[in-house]
Amino acid sequence: MRSNGRSSHQLRPMNLTVNVNKYAEGSVFIEMGDTKVLCTATVDEKVPPFLKGQGKGWVTAEYSMLPRATQSRNQREAARGKLSGRTMEIQRLIGRALRSVVNLQALGERTITLDCDVIQADGGTRTTSITGSFVAMAIAINKIAQQHKLPVFPITDFLASVSVGVVGEEPLLDLNYEEDSKAKVDMNLVMTGSGAFVELQGTGEESPFTRQELDELLKLGEQGIRELITKQKEALGPIALMIGSGQAGREA
Amino acid sequence: MRSNGRSSHQLRPMNLTVNVNKYAEGSVFIEMGDTKVLCTATVDEKVPPFLKGQGKGWVTAEYSMLPRATQSRNQREAARGKLSGRTMEIQRLIGRALRSVVNLQALGERTITLDCDVIQADGGTRTTSITGSFVAMAIAINKIAQQHKLPVFPITDFLASVSVGVVGEEPLLDLNYEEDSKAKVDMNLVMTGSGAFVELQGTGEESPFTRQELDELLKLGEQGIRELITKQKEALGPIALMIGSGQAGREA
Amino acid sequence: MRSNGRSSHQLRPMNLTVNVNKYAEGSVFIEMGDTKVLCTATVDEKVPPFLKGQGKGWVTAEYSMLPRATQSRNQREAARGKLSGRTMEIQRLIGRALRSVVNLQALGERTITLDCDVIQADGGTRTTSITGSFVAMAIAINKIAQQHKLPVFPITDFLASVSVGVVGEEPLLDLNYEEDSKAKVDMNLVMTGSGAFVELQGTGEESPFTRQELDELLKLGEQGIRELITKQKEALGPIALMIGSGQAGREA
Amino acid sequence: MRSNGRSSHQLRPMNLTVNVNKYAEGSVFIEMGDTKVLCTATVDEKVPPFLKGQGKGWVTAEYSMLPRATQSRNQREAARGKLSGRTMEIQRLIGRALRSVVNLQALGERTITLDCDVIQADGGTRTTSITGSFVAMAIAINKIAQQHKLPVFPITDFLASVSVGVVGEEPLLDLNYEEDSKAKVDMNLVMTGSGAFVELQGTGEESPFTRQELDELLKLGEQGIRELITKQKEALGPIALMIGSGQAGREA
Amino acid sequence: MRSNGRSSHQLRPMNLTVNVNKYAEGSVFIEMGDTKVLCTATVDEKVPPFLKGQGKGWVTAEYSMLPRATQSRNQREAARGKLSGRTMEIQRLIGRALRSVVNLQALGERTITLDCDVIQADGGTRTTSITGSFVAMAIAINKIAQQHKLPVFPITDFLASVSVGVVGEEPLLDLNYEEDSKAKVDMNLVMTGSGAFVELQGTGEESPFTRQELDELLKLGEQGIRELITKQKEALGPIALMIGSGQAGREA
Amino acid sequence: MRSNGRSSHQLRPMNLTVNVNKYAEGSVFIEMGDTKVLCTATVDEKVPPFLKGQGKGWVTAEYSMLPRATQSRNQREAARGKLSGRTMEIQRLIGRALRSVVNLQALGERTITLDCDVIQADGGTRTTSITGSFVAMAIAINKIAQQHKLPVFPITDFLASVSVGVVGEEPLLDLNYEEDSKAKVDMNLVMTGSGAFVELQGTGEESPFTRQELDELLKLGEQGIRELITKQKEALGPIALMIGSGQAGREA
């Protein structure tokens, strides 16, 4: 039996609170059980040097944990003077994942920066950051769409992320920290509303995994993603209708 | 007239929510108007090298702003690879202020680290951090006192901090960001429950200030500090009784 | 048609030259087409601090590209003063992959450091580094096994890595740089001699991929890995027999 | 009794030697007892990016200690690769203080950089740096005024700085290192020739201080500042007459 | 007797393999005994900021050792986050030496960057880097000369470098690592094809050296340089004829 | 004619002022014309890790220029966060040179750190630093010798350094900045009291130099060194007699 009486294919209790920040163009506070992440989306009317003059936009992400997000305090990366490999890997993943559902041409020469700050961590901080960031980004892009004539709404599909893993012999959905640290296989999935894969990262450091285990994990993950996207739609309300609609960017 | 109809000697609406973090020994979420800071206190059963073997404890602080705590996004110090002078100055101030009301001998060879993470900023983030950190520290030290036989409760007095300044010709209490950016004189006060000064930092970069202005600002600040300490007492409940009590550390 | 007349399921010409370095405990120069990597394995009779006193060993990796390994010169990370996110991600992957087939207990308190220096790059440098490093590591561990009484030979299985991807609509094995830059789906596989997965990293930044595409790519990759492991066995000669043998570490 | 037989309200022996550097636009070697600081002022015909095109100038400062300025050798910040919090705090203070008496509009688009290098330290290095830098700056600005038609001489008032503190129960003026390390209250004052406050930084880390102590310290400091400004006038000679004169910048 | 039966005035076996890199404008793999360096020359159609608009070119160099180029593994400078003093000294030397035989005016506004990566080290890595870099540079500059109308071929003379030293009482040419570590005097010479000195760096850390010892070492070095230049000519083939020819840059 | 009417073989006016620093074990302020360097020697009763337990001492040096030591202000290396290659090259040279005349065994497990801070620069700062540091070191080592029983006085010979160069066609001794920047050949010599070479660094970046030019420069330099050592002896007074005396370390 999992903690809180969860079944193997059950997500943790999830809350999405939108517009929690006074200044950001989009913001979401996402809670998956005891994992809590503040996601803010900032719109910048310019693009990085490598994209200048191409008429395309950019989506990027930064990720950080507060020092006491974890059981024991971890040193600030600002104090150490550099980002850890783990942080860089995660923020590259978040940015890549979000870009896969954004029509950068339709966005125009703008950059959306997603800041994912982990307030409390209990496993799955990178997947939770992706799921929350998607919502913050949609709110911010909707604001652009209401102010500027865009050819089409730039978000082409929904996007969410969840972890799956094998603990003991059992495949589990949405691992918390305790489960994650016992897992022999650990996989993060990022999928779209239409059920396609955007990222698939499985690792069997403790023990290589078989094709059959892979298939079971993918099935669990697909179901979890569907549930997460349902929650995203509720949180976004009318903005959800714009996503993948092919409508012109200006709502009214 | 100030925004929200505040009078010149009125604090902003203030909330102190205690125990907001699952892992930290002490934690507080403090809101002064739109300024919001998460303060966590971490207890470490060791001291920095320069104190080893002296039987004394240490209290230190770190301060950081989330990138979108402000109107426009500010770059992470972790990404820049170093702390700004402003951040270092603030965290040195917070640590120094808190140590002034802690009997380090009574604390024993332990370090309390206060992490002040500004979730949203609207002026007065350093003073708010001190006021909130004091409460988080008190909760953490009370936990130590309940687990270990201490000779005496290590916190000797209450401590709070507030800003005052001259805007136009008028002395104001507890400046928000807009007021702060127009102020010709800006002063931060840290005071104890018994009304003594711990830190006094006044600056008249725009325009030097007279002795009479100084006296008026000190009066405003003293009154604000008294009100803040009343709120701290409410938030701490029975722990408040231990502070400065001279009682043995173990509560019951 | 692919360059060099390769079919979609054909590896590039591959060479493994062993013992190319006078000083290293194990060394391999691996060429996959125009991708050339020098892999050296260094044995250190100690472990990182987090493992001290546990009687276990460690395997870690570092990865770097020479400045002119690529079409246009890239700045040295030593000159920039920090490792890029890409480099950190790759060296974490190499280390994690190799550890999955090493019995760290049997290795004893020793660290094996694999240095993968890309002399020339034409796609697939991370997968080539893993395939080459495995051989360098086996040579180095065999040297330990000949000098020390180990309870059992510490390498439990073969390990190789290859990339697969979808270019146009066609799934391809072992992408070179030109193919990689046109691929809409890109996947790196690390698998063992027994056909299990160690790492699976698929990304569809340009375009999400379906379950059917995933299945085809996995099939291509599995076949490629088998061929790579055959080459590793040839290069290792008698040492190959020790891998996964369960024999005592001392050969004779 | 203080060392050297000083009374509680007596400054240390003070020397100001002007024009000690062959290249700098302004330079002063200032000695307050055994504290010795070389202050050079550099004029740059441009301003930092945030001021460009506003027709205003800028004044900034850098501060450093030679390794053997102190009893035991301290490591160079250049060797450590970063400035300490203390250094940043001090150089921010010096720049802020000097700017308070400069009409940046009248200065035009120029930057004055004050370099304060502590050759030998015996307490009060930051206050001595401010007092000396003011003189170096006045010499440099006078050079500008002689070469360019300025609307008005850009320095509006004199400026000096001194420390005061409570040692034992006694308020003392201008603490040396030994006194400073025993002080329970420590305060740095920066004041203008007209007796207004520019910076007031008091700290009672060891023991909070009362309003009465504050008043006594301010009185001591005011008197010390007056004496320092008298010395500055002597050192500056005819340039002193330009300060706060409202005369056109060109002397003759 | 020296290792390999070398006499005191004999160079180690030397190989120069040209065009070893697919991408670089010039490349050489140079072996002097067990010292092996990969030298690549990159042509950039721009110059550093300090040379802009002067119609002159620049030649610069970077030097690095692979971690296991040496007996025991040395940490990567990229991992340490900064270049060592030794590395900076060596790359400054290589650049300075090469520039002495290049007519920068004739080169035009182009930068040649020489990357010297030591694959294996056995003494004399800096001198070997210079000798090899000269050849890589000549190949790269010849490529420019074939594509652009240059007023004259920009390389004015041959250039090579060798070490000499006193071991025991005997002056030796071209020291390997073992000899170098026993040498009481150590000298690196860089000379031109016409027998003039470009760099002369002698050091007697262990024991100062006399004028007579200096004269003997210079004689040994001059002879070694002549032999090295003969090898460079063979490796360069027809390009060798352009060097110092005063001919127009375009070959045909 | 050289500035100040110097002849080609004449040193600039030179002053050595000893014991200028209150705290350092040895200190010298050396002036060679307008080049002014403060040299302090610090004695530490321990050695770097690589020498621990060998009963030997160490001598090392650090070098820095004040920002306004030069015509135009140069940025602090502490602000840039790293030492330049030039600085590292110079401080390695100073340390190496001084060690050549110190019997490290006789020094015992102590480190002497020479700090050379250039107060004003007009050419020859590295050679002036060596000449001055030698004197500061001798004073510091004499202090050790007076306090501890040393087997023999650890300094074996005098040591000084000077620059020579070819300007136009004329060989000159002790170049100032203006001459140095016009020199086609530039050479730094470090020699002992007995006339042996410790370091010889000649560079002909602008134009390679002949054997005959080398011989003339060496002759000029030898003469300059003799004069410098005469000055060192005067400055050291009775301590000069200990150098190279072979006497027991304790003076009386």
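Quick notes on this structure:
Order as written gives the chain letters A, B, C, D, E and F; numbering starts at 1 within each chain.
Everything below uses one rule, namely that a residue touches a chain if its C-beta (ideal position, glycine included) is under 8 Å from a C-beta of that chain, and two chains touch if they have at least 3 such contacts.
What you are looking at is a predicted structure, and each value in this text was computed from that prediction instead of being measured.
Under the touch definition stated at the top, subunit B and subunit F share these contacting partners: D. The minimum number of touch steps linking subunit E to subunit F comes to 1.
At the subunit B-subunit D interface, residue numbers used by both copies make up over half of all numbers present, so the two copies contact each other through mostly the same positions. In this assembly, the chain whose C-alpha centre lies farthest from subunit F is A. Look at where the CA atoms of subunit C average out and do the same for subunit E: the two points lie 34 Å apart. The distance from the centre of subunit B to the centre of subunit E, with each centre set as the mean of the Cα atoms, comes to 61 Å.
Distance between subunit A and subunit C, defined via averaged C-alpha coordinates, is recorded as 29 Å.
Of all residues in subunit C, those that touch two or more other chains are 81-83. In the cyclic arrangement of chains, the order starting from subunit B and heading towards subunit D is B, D, F, E, C, A. Those residues of subunit F lying in contact with subunit E across their complex are 82-86, 88-89, 91-92, 96, 99-101, 157, 187, 191-192, 194, 196-211, 214, 218. Within the complex, the subunit D residues that touch subunit F are 21-24, 27, 34, 38, 40, 42, 44, 62, 64, 66-73, 76-79, 81-83, 87, 113, 115, 117, 119-120, 122.
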